[in-house]
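Shared chain: subunit A. Partners: subunit B in the first complex, subunit C in the second.
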Partner chain A sequence: MRLFEKRDIQTIMEQCHKTQSRTNAIVSFVHEKNNIKKDWSDVYVAVKDNISVKGTPCMAGSKILNGYIPLYDATVVKKLKEKGAQILCKTNMDELGMGATGQNSCCGPTFNPYDVQRISGGSSSGSAVLVATDCVPLALATDTGDSIRVPASYNGVVGFKPTYGRISRYGVISYASSMDTVGFMTTCIEDAWRAFELLQGYDPNDMTSIDHSLGSINFSQSIQGKKIGILKNALDQVTDPELKKKFYDLMNDLRRQGAIIQEVRYPQELMDLVLPVYQVISNSEACSNFAHLDGIRFGLQKSGLNYKEAITQSRTEGFSFPVKRRLLLGAYSLYEENQHRIYQKAQKIRRLLVDEFQKLFDDLEFLACLTTTDIAPKIEEEFIDPSYLKLANLSGFPALSLPFGSKIGCPYGLHLFAGAFQDEKMIEIAYQIEKIIDDKENLS
Partner chain B sequence: MNRQIIDKILEDLHFEMDIHERKQIEADLDALERISRQFSTMDTKDVEPMVTCFEGNWKNLREDIPIKPVASTDLLKNTKSKKDNFVVVSKVVK
Partner chain C sequence: MNHYVHIGLEMHCELSTQSKMFSHAPAKTIKEPNSCVDLLDFGFPGTLPTVNKKAVEYGLLICDLLHCEIDKNLRFDRKNYTYADLPKGYQITQQNHPLGKNGHYLVHGNKIHIQKVHLEEDTAKMIHKQDQTYIDFNRCGYPLVEIVTDASINRPDIACEYVRSLVLDLIYLQVTEGKMENGNIRCDVNVSVTKNPDSLGSKVEIKNINSISNMKRALDHEIKRQSELLDQGIEISEQTRRYDETSKTTVLLRKKETARDYRYLPEPNIPVIHLDESWIRSIRENRPMLPDELILMLNDQYGLSFQQAEQLVSQKELTDFFLKVIKYTDRYLDVFSFLMGDIRSWMKENHREILDQDPKVLGDLICKMDSKLSRQDVRTCIIPYLEHRSIDALIEKLESAKMDDLSLNLLIDQVLKENQKSVADYKNGRDRALGYLVGQVMKCSKGRSDPKIVHDILLKRLEEAV
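Right after this comes the complex of A and B.
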């Protein structure tokens, strides 16, 4: 479904109910109609449930926020409403953004629409599913460690994570503030550009918002001369020869069209540290960010004999065990006696990781790999988190996943990284690659 | 030793865990210590911690003046227990 494609609300709701019965992607519908008539008046948008929509419950997949209703719109929601867009619903997600499977939400798990016995991916599970099933052409989401790109891959949609700071985080429930990025899902790159054009921009309400002017896009920009690196470390993790062949066939197609393709390897010693560094930093920041979820002023509010007991009751019942684990590990990392050797050390190693990542872009314009190492696993199977994706979060560089192939009817994505603030260039090249993929698909 | 540490952290974080969850946490803490040992093999002498992406790219903080104050009645809309424009909590002092 395309961004400005007209459809009546009845048809949309029928599609939503059909999807919901199979996938559990929707948490709640937004009842307030937007009466502003502008360019985006026919556009229905889904919003991940950690992004505030005024007057609509916001749970972020967690019992601790049960009953919480935001008093204001997030900046990204405000921008959509000002253009006349209709906010249709809030989408299911892994609790507080912590998860990559879509399985850990107080609203129940989200299932993959291509095969309901498989995971949808997360944490932006519902957003990916609703775009994949033609309920909406655009769904807002967030990406702290791959939470847009993994579900995008597993659901066969475009998942866009911009440069950190280019889209405002005001009104978004923070998980790991130094990496949280607002992005979105669409069905094609052209729509991704339209969405980025609208949503990006400096916001004085968000102190991490970056004032960077929007560049122009040339969709007829040729791929000739573009320098694309194949991230070998990522391809080494792909065990299915069919997936690898498809990827390398595409690279050869790009080469034939004039792109300069070369294989690159990120130092494996550093790649092995990406996941632990990410875990330490995100757990520590989450522990700090969620300290205010105390069950006193909003959300789940349990009673107790005293103030402390009331807070303990609320937090014990409000957080799931997977979240408690992360918060506990974060707190341990932040303790005075541990901070230097765990948290601060992670921050120092982060700098080394990012400096090395930046070096790859000294010679190259983009890096390519598969988003996930295979199609979505079955629910009972192990999920292998593609840790290389987190390089985009540690560095703040832009990245996206676009639909690439399918296996036994389940999709998987192609992943692109670009250098800092090269979002527009990344969209340009993704458009060309998308055309090549589509042309090949039509021929076969 | 891990049990005492877990007790302390749970006290600080204000939530509880049952015995099975605590067992898992013990294993998690051991894993975290292994990560710490892995970190210690990296030479980070003279390397500054990277606090966030693109340090130095932020505009000056705006003045700490409320632009649009939120009415207390609105602020209390999400509070279950309130009285006379105040949040009511169980007694603080035991």
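Right after this comes the complex of A and C.
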């Protein structure tokens, strides 16, 4: 559904229950009603469960946060409430944002609404599903590696990850602070713009937020002369010729409309480093960021003979194995004897990877590829993490996924990258591409 | 055989900012436990640190005092470890890029090298009661500056003087309350004694030193202990000791374990902050006066001797009040002597630390001394004045109680008649006799006369009589 589209709460709730019984996308409903009457009063918004909503449990998919109720609203939630929006519910997610499948949550896995035998994608699994199943027109989410864009692709919705710092992280449970980005899912680009317009902006409570004034947008901006690169490395990973053909057909359509399309390749030896570098940095930051989850002041509280034992008990029971594994790896790369050859090396390579990524934008305005190499895999199938998506997190550059096509009834998305602070420009071109995709869809 | 002593000091100084280092909670420790806390101080999920600009300003003032090189890119690091007083699971500090480094400080001509000056946050306070431990988060996140010297100090008295003098400077910079007894200033002392002049020896760290006199005792004891061990040919091991106040000795706290690994990483929630050159300059330009500068000024402009000035400056509250009162009177030495006498005693007896009385009232009072009021009268007024009572009526009473000229002259006549011998002595050139006569008049008037006036009248009368 679209933003500002009026629907009564009963209809919404019925829809939610229907979705919930099939997908397990919701973890809790927000009971408090917003009485502020403003432009957004009719808008119901879903919020990923790692974003604080005052008075509503916040577990972030982790047992260790069992029973924790935030005492405050995250800045993004506050901004929505001030405009009159209703926070409807909190959505399921991979534990603490770690994961891209939507299958590792203490609240149970999130299933794909197009085919419940398939994964929803994660970590913002519930947010994508709720927008996909017409429960809400907007769902807040976070993206540290690809956590907005992968589920957006698998659920056929728009998933937008802005430039790092353009939306405040205050009130969002930090996973890897240097890459965590708040974004959202909507059903169309125009709504994504409306949401971005409201949520962006400097926040004195978040020193990493950036004071960058909102640019204007022109939805009738033609794609004539726009320089778009095709990220070959990503396309190489697509095995299904049908998907490949569909992508290149679209590129040809864009070319016909005056866009300048060229194939580019990010140095493959650097592309191969994206995933390991991402893992070292995200795990290192995570092991420090999650040190506060000790069961002493909030969340799951286990007893012990002394505080250390109590913390050990709480963390042993509170974290799932995949999370423990990542935290251990993070701690390992920070140990004095390893710092230099692991953590600091990763930081250096990160700079190198970003510089090389930036070079692509010296010449091009946008980069295009498929968000995921295929439709959502079945739960028992292996999920291959599309590492190229993480370039947007290592660099902080904006990226988005928009509904592109479907195969055996399951969707997949088109992915766009842009240079730092080109969020508005990226939305403009995405709007034109969305129109071309829709027109084609209507013709066939 | 000679023993070589190396002393190094790590001083933690609590900054007296309004709010904490990274949260908006008020920076007040002496309050109801857990009443000065923000969500961040409890380590609640989703909270983020924001840098207290005032704390950076204070840090820069300290760097300036210590002649440090300033890193214009302000950066913070995380020190990760698990402890009950550390809710976030890490402390935000400046491990890799301290605000200031390579500075120095002069103590009686000894140049003490300052390795680094860095900003960090304090941990919560653990309160142990019987078998329970309580945590007060008021102190958690409190802004601290750590000042680290190298180990080049070789005498305990220089180490102590360094602390005393530096703390006084910090108090005058108005960056800290500076009370060691309240924990505003905490010192860890490293000391090593060797027989080899080229090596530093094994570092022994002494904790829990809460006063300069204890620091002296701890150092003396520790140097003696290590020297004796060396003389016996026993090797000194690296360790942490604690000063024990009752036995006045240092006791072993723990042997040096394998160094704890703090898994430092750059704080990802705080971007690199570039410190503006002109901002740093304006902080330097607006720096409050330091004790040494004040001593010169008090001597030069107000005629206090260096000794008097030094005495006054050792207590900032008295100095501040002195400077306020002398706006209303030019009798600087009288103001000084009342401050160092009656006023200081009253503060001590009544455990008062601040003087918030109206300085004009004291200035005016001192102006009246020796003309309308005697010194004794002024002293009578001081206590009610200090207790914030109005002294207008009292002054009026004292003034009217003063003998009029006629009765004073009559009294002087009487004294002269009764002390013929002294009059004769004076005439014979014994000037001391005049003082005696003044005293007699004062005694007979029961202090209701002004000694200066009495002196003048007597002198005139005696000269006339010659």
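FYI, the second predicted complex is superposed on the first by the 444 of 444 C-alpha atoms of A that agree within 3 Å, B and C clash if a C-alpha of one lies under 4 Å from a C-alpha of the other, contacts with A are read in each partner's own complex, and residues count from 1 in each chain.
Heads up, the rule we're going with is that a contact is a pair of C-beta atoms (placed from the backbone, for glycine too) under 8 Å apart; a residue touches a chain by one contact, two chains touch by 3 or more.
Every value quoted in this text rests on a predicted model; they were computed, and no experiment measured them.
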Partner, of subunit C and subunit B, that touches more residues belonging to subunit A: B
Which superposed partner A:I311 touches (first subunit B, second subunit C, both, neither): both
First, second, both or neither for A:S52, with subunit B first and subunit C second: second
Touched partner set for A:E336, first subunit B, second subunit C, both or neither: second
First (subunit B), second (subunit C), both or neither touched by A:R169: second
Which superposed partner A:L327 touches (first subunit B, second subunit C, both, neither): first
Which of subunit B and subunit C A:S28 touches, first, second, both or neither: neither
Which superposed partner A:I296 touches (first subunit B, second subunit C, both, neither): both
Touched partner set for A:K348, first subunit B, second subunit C, both or neither: first
Subunit B versus subunit C as contact partner of A:V280, first or second or both or neither: first
Residues of subunit A at both interfaces, subunit B in one complex, subunit C in the other: 68, 71, 177-178, 204, 207-208, 287, 294, 296-298, 307-308, 311, 331
Touching residues on subunit A, where the partner in the complex is subunit B: 67-69, 71, 164-165, 177-179, 202, 204, 207-211, 273, 276, 279-280, 287, 294, 296-299, 301, 303-312, 315-316, 319, 321, 324-325, 327-329, 331-333, 338, 341-342, 344-352, 354, 395-396, 420
Complex contact set, residues of subunit C against subunit A: 39, 42-51, 78, 80, 82, 84, 87-90, 261, 263-265, 268-271
Contacting residues of subunit A [partner subunit C, same complex]: 50-52, 58, 60, 65, 68, 70-72, 74, 169-174, 176-178, 204-208, 284-285, 287-288, 290-294, 296-298, 307-308, 311, 331, 334-336, 339, 343
Of all residues in subunit B, those that touch subunit A in their complex: 5-6, 9-10, 12-17, 21, 24-25, 28-29, 32, 35-36, 38-40, 42, 44, 47-54, 57-59, 61-62, 70, 74-75, 77-81, 87, 89-94
